[in-house]
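What follows are several structures.
Shared chain: subunit A. Partners: subunit B in the first complex, subunit C in the second.
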Partner chain A sequence: MNNTIGKLPFILVSPTEGIDPALAENISEAVGDFFGYPVKVSPLLQNIDFAFNSDRNQYNSTIILASLADLAPERCLKILAITDKDLFIPILTHVYGEAQLNGIACIVSINRLNTDLQLSKKKVFERIIKESIHELGHTFNLRHCKDHSCIMHYCRSLDDVDLKSNQYCRYCEVLLSDAIISLSRDPIS
Partner chain B sequence: MHQTRVLIVDDELIIRESLAGWLERDGHHIMTAESGEKCIEILKNQSFDILLVDIKMDGISGMDVLKHVKEYYPDIDVIMITAFGSIPSSVEAMKAGAYDYLLKPFDPNELGVLIEKLTDHQSRKRENQYLKEEFKERSRFESMIGQSDAMQEIFKLIQDIQETKSTVLITGETGTGKGMAAKAIHTSSPLKEGPFVSVNCGAIPEQIMESELFGHQKGAFTDAKETKKGRLEMACGGTLFLDEIGEISMRMQIDLLHVLEERVFYKVGGTQPITANFRVVAATNSNLEKAIQERTFREDLYYRLNVIALTMPPLRKRKEDIPLLANHFLHKFVQEINKPVERISREAMDELMLYNWPGNVRELSNAVERAVVVCRSHTIEAMDLPIVSPECTGLNTPSVPGHPSVKTLNDLEKHHIFNILNENEWNIARSAASLGIDRSTLYSKIKRYDLQKNISDS
Partner chain C sequence: MRQGREGNRAKRSEINPSVFGNQVWTVKSSKSDRSKSEIEDQQTKPCIWMASGAVEKKHCNNYFSCNSCKYDAAMEKQVADGKQISWQDSMRKKESMDRTCRHSLTMRMVPRVCAYNYNCSTCDFDQYFEDVLSSATGHAAVAMYNVKGFNVPQGYYFHNGHTWAVIENGGYIKVGLDDFALKLLGEADALDLPMTGMELNRNRPGWGLRRKDNMADVLAPVNGVILQVNEKVRRDPRLANSDPYGDGWLFSIHNSDIKGAFKTLMDHNESITWTGEEVNRLEEMIEAVAGPMSTDGGILRPDIYGNLPGLDWNRLTRVFLKNN
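Up next is the complex of A and B:
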């Protein structure tokens, strides 16, 4: 773990069991570059069986987010959990990820991002990063964006995910900086 | 704001919460109700664009909710939430006017497609309404009239600022003549030879707002068959009037702030910078300070707009202007309709003076217009006015038609709103239009006066 972070607020990347530690490191690097916050990698919640729903054979992401938020360490601004399990919210058949809007925790599942065995590792990693920045965007109070190339665009298919850029559009950029400014004004307790 | 307003009606907490969460992240304004009863209650006070209703609920069923909504709020699109076992009733619901139904759990893509289709549908409706109202608006008020102190102050302020080109923010209730004030500011300013371009921010659907304001380059998007000038460009050398600025979307707020700061803008799809050499006058009837707190309106944009502040007084605070205004409208409509009506009787004028005018000058104008139409002699009598209709019955308070002296102003208002609602079969949009107030104001008044449709006509 990174000790140079000291007393600065940071983003925590939390891999669940089954996630390659190298992948978690790579994600944390990309997220850190993107948001300009220090990033720590720490498996806050390794086992998510408590969220397993046997009827659906999937994991309830809303329940996982609540637990993550409870476990948030001091000065932790946002938590990004990464899992290989298939996620759902009760009203939907599946989700790629979920976030607490303007909250602390979000989660991304790599389960459905790597369906095609022909796919290069690089492509899959790009998808994971896009989804991670998208879900983190929600925790910074960003909603879906109608701009198809914006990373906050809600994509109906993986093709759309591949088509969108890994950047926020100019509007979402402004809204993100609003959220970051207001975070620095009244930091979370 | 043109956020789509969605009401979720489901007796299962977990369904309400997860659906609300998803739709909120999707950018919509969400409310939830745990029963059909609660839903009907909420609808009395708030308007929605889309209802998502669980078909199977105890008490008032989803089907009953659908029927109620289709009868009283036909503008709302209803989607039924269905479980596997209740598909036959969903088909029945479609026959009863539901827009569509979704099987639990929803495929996120299906839900997304459906919501997008509905929001498109809703904004097209808004666009049509916008075109209609724009036309109506243009044929109304031309000049500001008033001898009251309140109006004299407005005239003085407009005179005081006639040398400047600073941005002005006009506040005031609906129907107080904010548009007229903007026009007056323009015609007394150094820019008076230039154009006065008005934009009703509350009426233009978001999809076309950007191209309406900024214009577009040919080929910028599918419908952009030709290069088009936007309102900003049309306003160059003159005044850009942004009415209902409180309704503008967050995206447009960001764009407008940029224009006001940099004094330059681009057409959609364009690369040539256009200099923004126009003055901005904005108006709103909403509380922007509150909107800033709720983070729906940008503080930085507010300060850019609120360089000079002007507040239009409500008509009830300048009642001494009513005779002048009423006679002005009388002559105007008499000419328009070509009817030999010459005056307003003393009694009728007393009624006009007593009434509270929630819809302000616009409502007064509507009332006089109507009176001219129904009047059967050369003189408008009290009974010709929509505010003292003799056939009114059914209110809880004892009323003596034609003798308003025994009633308070609020009684009169309650009475009048009740009559207009009945005349329009409780169609909120039509009633609000005829009262000259917006729908949300009407809803709050219905709530305040506890007006109900089904009071027996005893």
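Up next is the complex of A and C:
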């Protein structure tokens, strides 16, 4: 896929160290199929120790997003970082992911998405994709949705994640379409 | 209730042992009471007159508060007139190991054998229990419901100023701050709790808390007179944060009309719905300060005010504690 991108705007999937390259490839395929954009896999930011908080033994996702945005390559539309580290923002116990609202960067942690050893790989992958599409949705300026089945619904727990669908509701779908059309009229520099 | 040596220590739900009469006493709540502690359930518990066998059938509908029970007073009169066997005499007919203490019969503690032949007025333990142990008894495990990251126990009643009240066997009310308020405002530097004997009026400021320069009045959930204040939590307010519905209770109250007092509070289902709505309201306030949330996963950490300094203390307490 990398060779076919050419000069088109693309979504960049950026695995940090510790992420299986095969998983990153699978995520890129799913994201590409979903959004219809070319997707490139490249480790933009391998080490995120700079965001480590020793008091919480977790990584501050907001700090990582700022660094990712600074590193965005030319024609990169959105960056989706994938990490196996446990992420947080100050007011929450943890996050599965965070995004820059209407920005360029988002990150998803697989750390808490696979806490049950009995869980099938397929189920874990479903969760990762849901979180990836959710966070990318935020970068397209989508807010949390009150519809429990919408992928933009705010989930506090894995049960919530499993309950919601892997699709946007019709309202969020319209908002996403508008955002994509707007981006095509105002191409990235 | 158990009697034993220092080494024979209590479980979590028991309070620290007290030394009394060269013996070590520990108390824990009856296992059956908190798990079914709705008012309706209390009405199905056997009255001491029934439990003793003095009458065939009578269930307590007065929260085992015999001193304020009209039925008990009427039965005592029957006994005095020689028309009725007393519950004490009925118990005295039982085998020694079946002679259960009256505090066990009224479900205020786990089974304990009476060693004083039901002469409660001369029983040193009875006096000690009433004066010291009963209101200090921690709660047995309760069914806890998590509402968007905040605990709401079954059997507790809530006031919309984020206080709770629960009826204890013996007919008094325990009061505390709820998990939401404690997680929202964080650990207080001091709790300004009322004095014993003070009268509380529902919906009026009854006590307060202080965190650095910030103060907050807290509304009383029910009317009543303060029976006892939890000195442990007064000395260490963090106890309220760590166990808001157990050892973190704030004080106990006497109200002669418990049923009437609790009609104004939210029952379990109402409390669950209301807490969820309060979390939504809080999240809106957080977004107004920090911008729209663009995360997924996780729940609000304790000390929300401390973790997001942009939140205004006065507004938080006005909105959630209703202390206009």
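Heads up, the rule we're going with is that the second predicted complex is superposed on the first by the 188 of 189 C-alpha atoms of A that agree within 3 Å, B and C clash if a C-alpha of one lies under 4 Å from a C-alpha of the other, contacts with A are read in each partner's own complex, and residues count from 1 in each chain.
Assume a residue touches a chain if its C-beta (ideal position, glycine included) is under 8 Å from a C-beta of that chain, and two chains touch if they have at least 3 such contacts.
Just so it is clear, the model here is predicted, and its values are computed rather than measured.
Peer 1: Here subunit A is shared; do subunit B and subunit C fit on it together or clash?
Peer 2: Subunit B/subunit C on subunit A - steric clash.
Peer 1: Taking the superposition as given, does A:Phe88 touch the first partner, subunit B, the second, subunit C, both, or neither?
Peer 2: It touches subunit B and subunit C both.
Peer 1: Tell me which partner A:Gly97 touches in the superposition: subunit B (first), subunit C (second), both or neither.
Peer 2: second
Peer 1: Which partner chains sit in contact with A:Glu131 here, subunit B, subunit C, both or neither? Use first/second/both/neither.
Peer 2: In the superposed model, A:Glu131 contacts subunit C only, not subunit B.
Peer 1: If you stack the two complexes on chain A, which partner ends up touching A:Arg112: first (subunit B), second (subunit C), both, or neither?
Peer 2: The answer is second: A:Arg112 touches subunit C but not subunit B.
Peer 1: Of the two partner chains, subunit B (first) and subunit C (second), which one does A:Leu8 touch, if any: first, second, both, or neither?
Peer 2: The answer is neither, since A:Leu8 touches no partner chain.
Peer 1: Using the superposition on chain A described above, determine whether A:Arg170 touches subunit B (first), subunit C (second), both, or neither.
Peer 2: Touch partner of A:Arg170: subunit B, not subunit C.
Peer 1: Where does subunit C run into subunit B after the fit on chain A, at 43-51, 97-105 or 205-213?
Peer 2: 205-213
Peer 1: Per the definitions at the top, what is the overlap between the subunit A residues touching subunit B and those touching subunit C?
Peer 2: 88-95, 98-99, 101, 138, 143-144, 154, 156-157
Peer 1: Quick one: in the complex, what on subunit A touches subunit B?
Peer 2: 62, 88-95, 98-99, 101, 138, 143-144, 154, 156-157, 170-171, 174-175
Peer 1: Once bound in the complex, which stretches of subunit C touch subunit A?
Peer 2: Residues 148-149, 286, 290-301, 304, 307-308.
Peer 1: Using the touch definition up top, name the residues of subunit B that touch subunit A in the complex.
Peer 2: 14-15, 17-19, 21-22, 24-27, 104-109, 111-113, 250-251, 254
Peer 1: Which bits of subunit A are touching subunit C when the two form their complex?
Peer 2: 61, 88-101, 112, 131, 134-135, 138, 143-144, 154-157, 161
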